[in-house]
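In what comes next, chain A is part of two complexes: it sits with chain B in the first one and with chain C in the second one.
Showing the complex of A and B:
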């Protein structure tokens, strides 16, 4: 992120038609949904993507053991966790979404061509973290909890140097492109 | 390391800025961009996936800027860039991309894919790895002043015909005029009715305008081939011409890439802001119409649709103006599906139409526009780019479609209200 924020950028010398900042802010939000002209063709990617990401966020921030961990070890306070049935739904959504996305990566000719080793490692590591998390919760065993912590640590070590960083870098990326279109008066 | 590879890598390295870093760090290879690209949708060849076309730049970024890439390079595990990393992408970026920018509109993480494809073209052009047709056109633009080899003598001949046909004087080299008009090569060689229309409209609206002997050509082959230095040289000719005549505005003609080159990229190519304003002919006509300086009469009853030139709409921000104008003279105007910012390219943008090698592919991808036109039931297609018009005329002819191609400026000229002398 540092190299993105602090790296050089050339100033655009053309006269802007509209606000680059407004374009940047708008595009940060608009890209959460596909353009209607392409929605039908990419619906699987979007639906699976949302199942995975929303399920994962729900598990990460609202799974009862995670809330307890934050309260006891990090912040000193917690919040209402997901009920058990909520955890099951979130876990199923996350697994379903991730499996669909990964299977497409394995069988779709376009995705087979463009996918990298990093894409596969990131998907598999995330899958393993979620799986060990479910085992840890369901079995309540110390050994399985330790296994989950170990996989989470591996995931966290891999995170900053991998495609997983898109969790943060999508913001400047959308902003740059939104600003480019925005100053030309194009709604992107 | 070969000289070509060295030059190519030098350019690619110079192109890695914070934007490129954020784009490649964000891309999760979801493949959504493929569905936005007509070269993929019409061929189903995965190699035409837009993000794949950026691979030379991406490989360099991966090897030299990413964490794992740097470690792998240090330990000797990464594959170094070779000349084939550039030559193998030549066909993809020159024949299989019209720089329409649709991919940059759909990327969920906001990657400006077409912007990065241009950077790859820049590297290939500097390395001397470009299609013959484009190299020739660029050379003619530098040596003669026009990619089609059009000289000032040809322009004078066109002016003479226009003056005879209209009875109007075409102003040439008028110092202090409000507007300096430019022409694309196509408009001089194939569609002289554009100049005729300008003369009629400006006479009708009382616009102070001129052509320049030093800067009449708007086409910018440097942009098409991806050579920023040549693109800047061609823009500088226009700037010099405009400054010499001390005009307030320069009019970009019905030509998509010329507008991009002059209006948006030009100041960056030459490294300074202009002393004049650049307006596209659609913007100017719309302004004159809104101000009541253009008055039209009669309406076209033929069913007409409008083809949005990518560089003018999606990459230029001119969306409402041509529609305002068209609706004022057509009672049976129908929009194509996916019009406006998400339009589909005609298939010949970004230099594809100047690249003879890409002819078959260009006609294959025209099938998208063909099906769009057919779905409207229109018998006439209006556009505001002479290159789009030429490409679509070829597509229509090849596919034996009964469709008329029309330029919007000339349609407005044909509907001007008679004014008492």
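Showing the complex of A and C:
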């Protein structure tokens, strides 16, 4: 992240027509929804994307076993976890979203062409982590919980070297695009 | 003298000897009538009362539970396993006798689009969810007799636990995928003129006259509607089993389990035929659901009415055009490099 943020850039000598900062902040939030003109074409991507990301966020930070893990091993304090039915809904959404997104990557000819091995590994590894977590739900089996923790560790090792870093880089990426066009007075 | 005589007297006048235990003496259990009534062997249902408030909390012993357990092990698991094995054998025999159904006149290299990206995403989503559920379901139903001898009890315990949790979590996704599939494919699966004739002629097996077929033949339509209807029943019975906190008693849970298992087994067996026909059974069929495109000769040979529509609307593209659309270089001979 540091190498991205502190990378040197060519100085822009043109006269600024509008505020780059305003463009950056605007673009960070405006990209959460698709442009009207292409909304129909990208609807699957947005719907499945939100299903997956929101579901995964809810699972990661509000599933009771995870909250307990953080409390016992990391922070020393926890927070109110999701009720069981909430956890189930979040898990369904995450699984459905991920399956649809990965299938779209395989089925859409343009996405298929531009996808690399890294993209597929990231999707499959995330699915495996979620699946092993689902297997270990009963929490009575040490073996299954160990399997889940092992896959999580694999995922964490792979994370910084892969496309999964988009979890953090999406913010500076949107900000840079927004700043670049904002300075020129272009609505990105 | 009397002591010596006593055994003879005892033998002559005592209770009858138990033939299994020649040394023992048969006696009627004084509590047998009470327990027979509790077990409801005469068919009456005894509903007691309990301080615990809940569904079925007044029932001491569930007499039907034994029947359900015996049915599950002796009939359901047994016949279910035999059915699955039989389908594999039938498909193998069919393939050995019939071989792969080839494209009439061979592949031309000219293609027509059969399924859009969205239709393929919906199909494969349902397929992935279905296969995960089928695998975990078969492990839960047939795992004990088949897998314990292979894996041992501890490993099988892990596998069964994982399968149960996986099956329960992925289950509701099946209903969602089914609904997505219904909306995507229902229009092409409505009854058309000629479908009944196709069915009565066994899809062309009976008789020599060539049958006219639209986008989907009657066999495909039957599979679609079976999947929708039986799948809906399986999904709903699964939800009844998954969420037992809406007043379901043991009877409803037992019935739901039986319906769920029989429906799921039926779907799995038929799906094996679908998977066979869509892959090795018919040349060019798998391309439809992977690339979205089929050879026009395949369309003309198997779905002539749809093929004619494609010709009339000028939807046929060459191998070079297809390769350009996919961003690939066409291979020599007009085949599309995949």
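Keep in mind that, in the parts below, the second predicted complex is superposed on the first by the 186 of 188 C-alpha atoms of A that agree within 3 Å, B and C clash if a C-alpha of one lies under 4 Å from a C-alpha of the other, contacts with A are read in each partner's own complex, and residues count from 1 in each chain.
Everything that follows uses one rule, which is that a contact is a pair of C-beta atoms (placed from the backbone, for glycine too) under 8 Å apart; a residue touches a chain by one contact, two chains touch by 3 or more.
Just so it is clear, the model here is predicted, and its values are computed rather than measured.
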{"item": "Contact breadth on chain A, by residue count: chain C or chain B", "value": "B"}
{"item": "Which of chain B and chain C A:131 touches, first, second, both or neither", "value": "second"}
{"item": "Chain B versus chain C as contact partner of A:155, first or second or both or neither", "value": "neither"}
{"item": "Which superposed partner A:188 touches (first chain B, second chain C, both, neither)", "value": "first"}
{"item": "Touching partner for A:108 - first (chain B), second (chain C), both, neither", "value": "both"}
{"item": "Partner chain(s) touched by A:95 [first = chain B, second = chain C, both, neither]", "value": "second"}
{"item": "Chain B versus chain C as contact partner of A:34, first or second or both or neither", "value": "first"}
{"item": "Touched partner set for A:62, first chain B, second chain C, both or neither", "value": "neither"}
{"item": "Touching partner for A:143 - first (chain B), second (chain C), both, neither", "value": "second"}
{"item": "Which of chain B and chain C A:44 touches, first, second, both or neither", "value": "second"}
{"item": "Contact residues common to both interfaces of chain A (with chain B and with chain C)", "value": "108-110, 113"}
{"item": "Touching residues (chain side chain A, partner chain B) in the complex", "value": "3-10, 12-15, 17-18, 27-28, 31-32, 34-35, 37-38, 41-42, 45-46, 49, 105, 108-116, 118-119, 160-163, 165-166, 169-170, 172-178, 180-181, 184-188"}
{"item": "For the chain A and chain C complex, residues of the former touching the latter", "value": "44, 88, 91-92, 95-96, 99-100, 103-104, 106-110, 113, 131, 134-138, 140-141, 143-144"}
{"item": "Of chain B, residues touching chain A in the complex", "value": "17-19, 21-23, 25-32, 34-36, 40, 46-47, 49, 51-52, 65-68, 104-112, 115, 263-268, 271-274, 277, 313-317, 319, 337-338, 341-342"}
{"item": "Of all residues in chain C, those that touch chain A in their complex", "value": "117-118, 120-121, 124-125, 128-129, 157-158, 161-162, 164-166, 169-170, 172-173, 176-177, 292, 325-327"}
